[in-house]
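By letter and in written order, the chains are A, B, C and D; residue numbering begins at 1 in each of them.
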Amino acid sequence: MKKSLIVTMALTLSLSLAACGNNTNNGANNGNAAASNNAPTNNAASADLSGSILASGSTALQPLVDQVSKEFMEKNSGVSIQVQGGGSGTGLTQVSEGQAQIGNSDVFAEEKLDADKAAELVDHQVAVVAMAAVTNKDVGVDNLTKQQLVDIFTGKVTNWKDVGGKDAKIQIVNRPSSSGTRATFEKFALGTKTEDLEGSIQEDASGTVKKLVSETPGAIGYLALSYLDDSVTALKYDGVDANVDNVANGSYPVWAYEHMYTKGEPDAATKAFLDYMVSEEVQNDEGDVVEMGYIPISKMEVKRDAAGAVTK
Amino acid sequence: MIDIALSAKQLNVHYGEKHAVHDVSLDFAEKEVTALIGPSGCGKSTFLRSLNRMNDLIPSCRVTGDIWLKDQNINGSDTDVVALRKNIGMVWQRPNPFHKSIYENIAFGPRYHGVKNKKQLDEIVEQSLRKAAIWEETKDRLHKSALALSGGQQQRLCIARTIAVKPDVILMDEPASALDPISTSKIEELISELKQDYSIVIVTHNMHQAARVSDKTAFFLNGHVVEYDKTETIFTNPTNQRTNDYITGRFG
Amino acid sequence: MSAKTADKIATGVIVFITGLIALALLGLLGYILFRGLGHISWHFLTSPPETIRKGGGIGPQLFNSLFLLVLTMIITVPLGIGAGIYMSEYAKAGKITSAIRLVVEVLSSFPSIIVGLFGLLVIVNKFNLGFSLLSGALALTIFNLPLMVRITEQGLRSVPVQQKEASLALGISKWKTIRSVQLPIALPIVLSGSILAAGRIFGEAAALLFTAGMSSPRLDFSDWNPLHNDSPLNPLRPAETLAVHIWKVNSEGLAPDATQIAAGASAVLIITVLLFNLGARALGRYMHNRFTASK
Amino acid sequence: MKKSNDREVATPHLAEEWVGKVYTFICILFLIITIFSMVYFVASKGLSTFIVNGVNVKDLLTGLKWKPDGEPPMFGALPFIFGSFSTSILAAIIAAPLGFCAAVFMVELSPKIGRTFMQPVIELLAGIPSVVYGFVGLSVIVPLFRDLFPGQGVGIAAGSLVLAFMILPTITTIATDALASLPAGLKEGSYALGATRWQTIYRIVLPTTLPAQMTGIVLGIARAFGEALAVQMVIGNAPHIPNSLFESTSTLTSAITLSMGNTAMGSVQNNALWSLALILMLMTFVFVFIIRWLEGRKKL
């Protein structure tokens, strides 16, 4: 089961990469409105694509898909795309039950759905989100090792002075156990699942997490890179800075794919849209992906499968 | 031979456990005014409200017996109550004009019953207001709210509203008791006028009024009709002692 | 301590506490308005929100809230008034009617989140309406119906029974009597009640999170064909309302001015609800005067 | 006979009556169907945790550990139930005396200020959307509590204070109505015996209006119990029974809003949230019946 999935995934990935290659040519023309109907797709049906697509799910991915879909619809007037939120679980449910053509998710489908349902879905990875542990500015720590993080999040260490900071109580601002962000953080930063500690705060929303970490003395939490700013301190992980380059070359491990799932192979219009999503135009340094704070999938020098195994 | 407009046969009314009207049988003659008198709580108003099935609105109220409108028993469960009420109009103790203009108050009924023509409606409105002796006072303000009229005017408007749908019988439940003496005398005059065209049943606790306006009078006591006769007879020479006591003011 | 002293102390305490409440309330209002008013501008009210840049507005959200309100009212008013009429005029007193009354009461006390979840399960998924304005409007209808029924019943009950009798005595049918005589008189109560209900709809968020969605696709305000995807009037598009937007900006906002936007939007929301309240009062007074001042 | 003539008049209005009857009946039917399908769907979803996923009812109601994705998953909802009850009851404890004082002020002390000032302000308070309450709670109450008390500011105290504000209008309005509808003779009798105002309020007014006051309080608790967003923003959301009023904890509603979108429908994690919703719904029934019972007593 797992194997076939990896194969499918690899196939999709190579396909989308191929699409990227294709699109570089067209991409150059795209400033020209005349070319707009021959949108960057890779098969014959491109000129008269039509259909309506519903993409629902992850609220983290939603702004990107929303933005890209607008551009796609401008180029393909016959296609109408609706983008909805609802959360990763909702997106996966809806695509699995056929209510949506695309299910946006922060996590691999296997983590949310039953294995047989997940096997029906085809993964399209469109971007990468990395996250960093963040602390209140006053704790006096700017680097934590994996073990220190584990100790903090499992409650073994409760004072910042034990990890080289000030004498202040550690206040954890966590995510709910259903959160994809938490799943990623636990998997790749901690390497273990953690329990919800007594007294820990749990917020699903990144904005609230940031606000609470920045206001609460001794607070620690984790945020996607796009949310980082001066109000909180982003920690190095085992001495590695959380930045795009380190994620891309594989030295910073706390990241996850943003997935767009389809049930079985997508129809022409959906496929064209997904291809466009990973095209150079969207993924390059001026494209929507970077602008909205995600890491382009094309930049990634490493790959990772659903089980977490990394390959160069 | 006088035609009978409306007649009740062995009518009984119950409110829940209370037996409010006992076996009342009365004939109301066409184009006459019949007064129902008696002390308060004697069942005369209840009886009146049964005649146009108004008591249907009160869930606990049960009316048994026959009511004949011409040759039709109207107290059956299959009676078309709505059509029936068009033929038996009603005027209440407190004037209750609709919260509409004077014109609309009158035109509402006829329009519902099929008069759509504007001219025809105008005519009905004028006719009805004239018959109710209120045309002169209202003709310049037909489209103003009816609620701006005085109490007496409102009551005459209500009468006009009733005759606008051309009923056969008009029931009046103490129509003047909430009005000042001048308005009262106007209403009484009006009743005398109206009986040329309509059969009228009027409930009143004012015996002088009954004496002034009615042709026949029925005296109610504790839900029974004690005596029913020509008004003159009732007031001058009642056969029943209790009627006499009531008339002469011994009780009530 | 004499009874007199106790009385004085108690009176003092009551006045003090009442004053405290008034202060707290005014403080609350003042805080929201003070923090938000500075951010409100024409640009803020009309431009679309920005995901990551500064200077986003709440234009589409404001439009969505109003449009959703209209949609909801279009569905709720006929249903609510109909059901209210049934309860007040047609239902016969008895076990069944009191059971219905209980049902309505239960429905009115359901937490909005339950209504939202039901909407997600049945309207969004089973009926396949998706996260859309229509789903949101239906959920809000469920949320609002019991209130509407109660308001209608109240309104009809305030109509003097003599009005109804007068109409029936003219041989007018019951249904016509209700429509042409009773409802117009009940109208002031029904209207001002509906406006208050509208204010409630305007501020509702929990039920909408799961039904109308949290996304606001860019709208093309030059396209008013309800069947077009980008048209603001398309009832099947997802729509984030103002209240949901506050929730989202507060929690997920990436824009650097997220807090100000939340404050500004809160102020707009409060002002709107305030307008609804004042509107309901003014309308109630106006209609009351129109019917009675002529006396 | 005039039968045929009658029918001519009769038909249109009979059809019309039928339209009215059917239309209003359909409306009420829609309402009834809606509520029954709500109960049905929420119940069937909520019960599937026990039926399909084999979670023990007792474990869910009394379990202290909520670890939906643990090995094995644990669904102890007691912390949420505790959180819901403690926040809403504490909110009522804060709001009830305030509401009663405001009502006494408005009815007994100064009806004029009450009508022209307090009444509109309180009505306005009722109209403020819950997200705004949450927003203010998060930006004012939480930081304030963080500075004043040990802990992070979030928790039952912050939650119930926000809720107290939200239910104050309900309690005040009902208390005011109850005081205003008191027969005049009752108070005058007391004054005539030389009792002071406070004695009258305390000995006569309060006991007589107690069932009505209780109705208002229960209504307030019911509303607080079901409130979701405002509470979720200030409660902290840790799935534990807290050690103090200022420690992060959860309520039924906050647990639902926090995770509903993140879990896939049909999964045990999702079903468990529906079970929480079912508990919420059953509590609604309980509140309605308590209110009915209180109102029954009021009539006596």
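The rule is simple: contacts are C-beta pairs under 8 Å (C-beta built on N, C-alpha and C of every residue); 3 or more make two chains touch, one makes a residue touch a chain.
The chain list, named the UniProt way, goes like this: A = Phosphate-binding protein; B = Phosphate transport system ATP-binding protein; C = Phosphate transport system permease protein PstA; D = Phosphate transport system permease protein.
Note that this is a predicted model, so its numbers are computed, not measured.
Trainee: Give, as an integer number of Å, the spacing between the C-alpha centres of chain C and chain B.
Mentor: That pair's centroid distance is 47 Å.
Trainee: From the C-alpha centre of chain A to that of chain C, how far is it in Å?
Mentor: Roughly 37 Å, centre to centre.
Trainee: Measuring centre to centre with CA averages, how many angstrom lie between chain B and chain D?
Mentor: That gives a centre separation of 52 Å.
Trainee: Could you give the separation in Å between the centres of chain C and chain D, each centre being the mean of its C-alpha atoms?
Mentor: Computed value for the inter-centroid distance: 17 Å.
Trainee: Can you list the residues of chain D that touch 2 or more other chains?
Mentor: Each of 13, 17, 138, 233, 260-261, 265 in chain D touches at least two other chains.
Trainee: For chain C, which residues are shared contacts with two or more other chains?
Mentor: 120, 125, 173-174, 176, 210, 250-251 - these are the residues of chain C that touch more than one other chain.
Trainee: Spell out, as numbers or ranges, the residues of chain B touching 2 or more other chains.
Mentor: In chain B, residues 82-83, 86, 113 touch at least two other chains, as defined above.
Trainee: Have a look at which chains touch which and call the overall pattern line, ring, star, complete or other.
Mentor: Other.
Trainee: Every pair of chains that touch: which are they?
Mentor: Those chain pairs satisfying the definition are A-C, A-D, B-C, B-D, C-D.
Trainee: Which of the residues in chain D come into contact with chain B in the complex?
Mentor: Going through chain D, the ones touching chain B are 1-2, 6, 9-10, 13-14, 17.
Trainee: Along chain C, where are the residues that touch chain B in the complex?
Mentor: Against chain B, the touching part of chain C is residues 92-93, 160-174, 176, 180-181, 184-185, 291-292, 294-295.
Trainee: Applying the document's contact rule, which stretches of chain D touch chain C when the two form their complex?
Mentor: 13, 16-17, 19-21, 23-28, 30-32, 34-35, 37-38, 41-42, 45, 97-98, 101-102, 104-106, 109, 117-118, 120-125, 127-132, 134-136, 138-140, 165, 168, 195-199, 201-202, 222, 225-229, 233, 253, 256-257, 260-261, 265, 274, 277, 280-281, 284-285, 287-288, 292
Trainee: Of all residues in chain D, which touch chain A in the complex?
Mentor: Listed in rising order, the residues of chain D that touch chain A are 66-71, 138, 143, 146, 151-154, 233, 236-240, 242-243, 247-248, 250, 258-267, 269-270.
Trainee: Considering only the defined contacts, which chain B positions touch chain C in the complex?
Mentor: 52, 54, 57, 59, 82-90, 92, 94, 96-100, 108-109, 112-113, 144-145, 147-148, 158, 161-162, 165
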